[in-house]
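To start, the structure itself, in structure tokens.
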């Protein structure tokens, strides 16, 4: 078949056959190679991060992928088509003008209106100097209480939207917190300070578009109430009492008070882990 | 210029790509493939120069001529010698695997005394002691050889007795010996001139006599249906190979060969189908018919068929006087195409009996079939190349295997002419072996050695000035100008063939009809030779084909 | 000129002695494996005993040597071998098997209507020392490959070398005779060049009572049989007459 | 600590309820034992040689070839579903795509493994690529199966990389994404390859001029069995997928795919099966009346040897061909889950029976007039390695089902409606 192979004679059959065969093998090889090359390309041009988030988002259960406007009651039912990226969502402005069917009763949790909330239970607080502060919201605080350990990024390190901003450990459970906004770390706090990171965002926070992808006002309540329902279901009836006291008060430090719950799932749901 | 790592990388990649378009990687791959095709650890044939030599097979009394291919001094292939007048290049199936017998697992490798390894000197001492204490019986399976002369003369000198275990073919001729006074070893069948052969269970096509003689004859003159010149009528109790190929198969009851022969004789005489007048068989035709399980009419018909194409010859598978008597009735004895006398020699031998009373020792030559089991309390010295097992003998003495010693080849039983040949040794012995003759010479050095006897036999042949030598070319003995020349020619495995004796000098009268004897069952290739084992290939092929069941020999 | 080697086997002459099988096995270094059976053994040439199916005195039996028929046209085994381990030698018409290239897939064995191909189910083995008695002209085969009759190709090779040494282009027909042909004491197996009209075997193959097994398959086998017995001739075609292989009892 | 020490929940996709790890291990245990025995048997066959099997010179092919042909036919669902989804854009079949790929991967890898034991010289397998005989159907099979197995691996990788832990490595996730974009190309290639080797597996026996029971005429270089095999394979592949999915639904007690997928598959299966039965009948008639007599074999002689009588032929074409085709197509029975799946089962049995008849009966029947009908019983080594492949399949599928998301998560409706 090749030079120097004894006892082989070419026939037309060989030519047709081998052409087909090598065509097939070549196509397969090219497919794999191009897939690899594209992968490398994605990493070069920072699209990789975005791709990962999109892949994760696609695998989130539908309940986690509701559109903010549904949470606010502006539309009846809508699944977010572009991975919570309201910044360039053509429908955003169209729905934003609709009146919110507000359920703004107090949930016993402190969600101040000057903060912007991410679905992975972090808040962003824009400062005057154009930087932003990031922290865990009350809901997450009540679940975790005081973490056993916190692993924060170093000053000057870049963090990306929806990617892991910092990690925590509690009762042997790994918790990875998604970043609500992209930027450079300029200061690190911790559980005691009630904030975790100070960032210099990539974009100007005074531009309203910069924080548009985060929840505000009525959306927050719609979202939270759903989260609380979920939590109640997950912790189960017997533990309901300590979880949500009368009026639906969320008890602090749940991970220690309700040890028998399936915390893997709870945490995964809470922090949008796939 | 400065070479960066990148340059090196690019250069390497380019080189690799370029290499693909040279034959180098492909050739390498192909060599690898060729290498993986060869397994060095499987057995390989011997190396060494390949030669073709001539000799004779001594594994049975027929002594067929062999063309032996040797490599590195070992026989690696057997074929027939087409120039040989007796075998005409034909052999029995076993001969083609005979060269593997010397490595048979059952080969006797050392002297064994009651199963325990011993030495030749001990055996010699034990035998000498036995001789001094009492009579010895020496049993030979193939008389007429130089070795036989040694054995016989030893027996003579040490008041022993020399007995012969005869082949079935010879036993079938024994009745004629008693009626004509001519040794059965000087009688033969004139098959070539017979037109009808009636075989009573004799395996004529399956291990009877020299394969090259009758099988060839049959193939040329009888095979097929085209007006057979030679009619083979097989009277046998089963559809043997011979029966299935015969012109006519008469299916009779087991053991009724004698009755059949007698019945036929009676029918021939009563219906006046034969001119010869002889004593009338006692058995009636109806009795013969009922015994043999065929109808009277069929028997009469058979009698007529038999004499339809004379000359007719009846052949028994073994010693059977009534079948011999049928030949007398048919007038086949001493007649053209009948039982003939092939030589003047009148060497009569005492047949060996299993019972051997008052003998101190029994020495059994390796030419005696393993099945011969002496029933005696004498000390038994058995020379044999292969241990067939299941037999009691005090001394088991390793004899020469296939082509491992020089020997001479006397007449084949049943041959119509006298023959003589010398079988050179072609295979080097792998361990210390001795023939019975050598052993006896070492016990009594005054005896002549085999070589001497052969030498004197050659001189005798030379002085008789009769016969012809068939070698590369055919030469009359008269043409040789010295006995040495003749011997030299014979040592090249040529065959001396005596002149056929004038017919009709064998007279035979029957006074009364002989008594009935139950014939022994017929043989085939696998049972007619001396070795107690078969070539492994034969065992294998019998097992893997439906030709016949692997014989009851020890198998590898 | 290219030869077409073939055989005419006279079944009326075959006595079923088995000399051809012995000679074949010895020539081709077939290992005598005790564990092999009639269905797993190696018998490149196999003499089969066939009867006319009748019992008693009417029963007739015939012996049929079966070997590779060296089919000339659309050779079944050649077409199926995935890696060219089988091919028809253009110069001789011999169907050649290359054990060194054989994958052991046994596809050719399923393709062969004559069951004339054999698989090495075991490693080749001989009793201690017996390898000294092997034929130097033929290499032993390893376990896991298919083999079959190649008309003693080693002998053809030797004949060619002899002719070349003598400076001749054509081999002397007397120098190339397969082992089974040489061994047959009844001269029932005859070997010759079917492409040569003057060759007696070629002429015999065209005779009245010559026939081939399964000729209707259209593979043009080059092994002919002949017999004057009608019931034997009937075997040229399957499903005709009560022909059964005689079982040894 | 609420969670038990021995848990694999971190590997199970979030939101997918799976049985407890210990119960899963208990489920795997017997299969692993079966697999181990199979591996041991395979080792014996490779180390001591094929004398470990009960095959012989006349029964040169045995249980294993039947296994290969059988599971490859059933595995045809993989390429055919890929073909329907990516080439014909039948999106409604997407839910079973992953399971189809896994089933295909199992069948083909299993078949290749068995083939490697079946040949006498596995180390020489590559010679086929080195001295290819383009006339041989087996060459075609070897080429296509090895290439297609590669394709299946590539199709399997994306499913694998979406595992909950593996996806944490960004490069994996991105590669998966990019490869997934290219899967249609692979599906195309796979279709091409499968088309040919399914056919060539049929051709394998159809070309055997020396075996009049199997020999068929055909078009160009391909005997009719070439096309019949393709038909029967794509006809039963979907049926087999239905059975597998339904079995998983039974075992897990969940509804994994929308029921109309089953009906759709059943319909496709039914249509193709109908065509196959028609073609097969015509082919059989031609063979009985022309092909076989021309080779000198009276057709009735094939069916005088029990147990391979004419009932086998009837069962193969009518009982396991025509009837399931009808059941799958007739609206009333197709709508009824029980009928649907028993029909699918019948179809699968039918294709297995077809492969069995072609491989085993062909070899059992005599060709020479003095041959006799042979039988053969596989040795324990053969049966064990057969079982090993089945165990391997179950294990791989169980692992895939547990740790990869073979079936889509139940998703909410995607409509968006303004309130006013």
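Labels A, B, C and D are assigned to the chains in the order they are written; within every chain, residues are numbered from 1.
In this section, a residue touches a chain if its C-beta (ideal position, glycine included) is under 8 Å from a C-beta of that chain, and two chains touch if they have at least 3 such contacts.
A quick note: this is a predicted structure, and the numbers were derived from the prediction, not measured.
Steps needed, at minimum, to get from chain B to chain D via touching chains?
Minimal hop count between chain B and chain D: 1.
Using the touch rule from the top, work out which pair, B-C or C-D, shares more C-beta pairs.
B-C
When you take the mean of every protein CA atom shown, which chain's own CA mean is nearest to it?
Of the chains present, the most centrally placed is C.
From the mean C-alpha coordinate of chain B to that of chain C, what's the distance rounded to whole Å?
Computed value for the inter-centroid distance: 29 Å.
Find the geometric centre of each of chain A and chain C from their Cα atoms only, then give the gap between the two centres in Å, rounded to an integer.
The mean C-alpha positions of chain A and chain C differ by 77 Å.
With centres defined as the mean C-alpha position, give me the chain C-chain D separation in Å.
Centre separation, chain C to chain D: 40 Å.
Which whole number of Å gives the spacing of the CA centres of chain A and chain B?
98
What are the residue numbers in chain A that touch two or more other chains?
Expected reply: 5, 7-8.
Please list all residues of chain C that touch 2 or more other chains.
Those would be 37, 41, 48, 84, 101, 123, 245.
What residues in chain D touch two or more of the other chains?
124, 127, 130-132, 135, 139
For chain B, which residues are in contact with chain C within the complex?
34, 37-39, 42-48, 50, 69, 71-72, 74-80, 89-97, 99-100, 102-105, 205-206, 211-212, 215-216, 218-220, 223-226, 239, 241-242, 244-245, 249-251, 430, 525, 535-549, 555-556
Under the touch definition given earlier, write down the residues of chain D that touch chain B in their complex.
So the residues of chain D in touch with chain B come to 123-124, 126-127, 130.
Where on chain C does chain B make contact in their complex?
Going by the criterion above, the answer is residues 10, 12-19, 21-23, 25-27, 29-30, 32-34, 36-38, 41-43, 46-49, 56-57, 59-63, 100-101, 123-140, 142, 179, 182-183, 185-188, 227-229, 245-248.
Which of the residues in chain D end up touching chain A in this complex?
1-3, 9-10, 13-15, 130-132, 134-135, 139-140, 143, 147, 150-151, 154, 162, 164, 167, 170-171, 173-179, 181-182, 185-186, 189, 192-193, 405, 409-420
Please output the residues of chain B touching chain D within their complex, sorted ascending.
Touch residues, chain B against chain D: 29-30, 33, 36-37.
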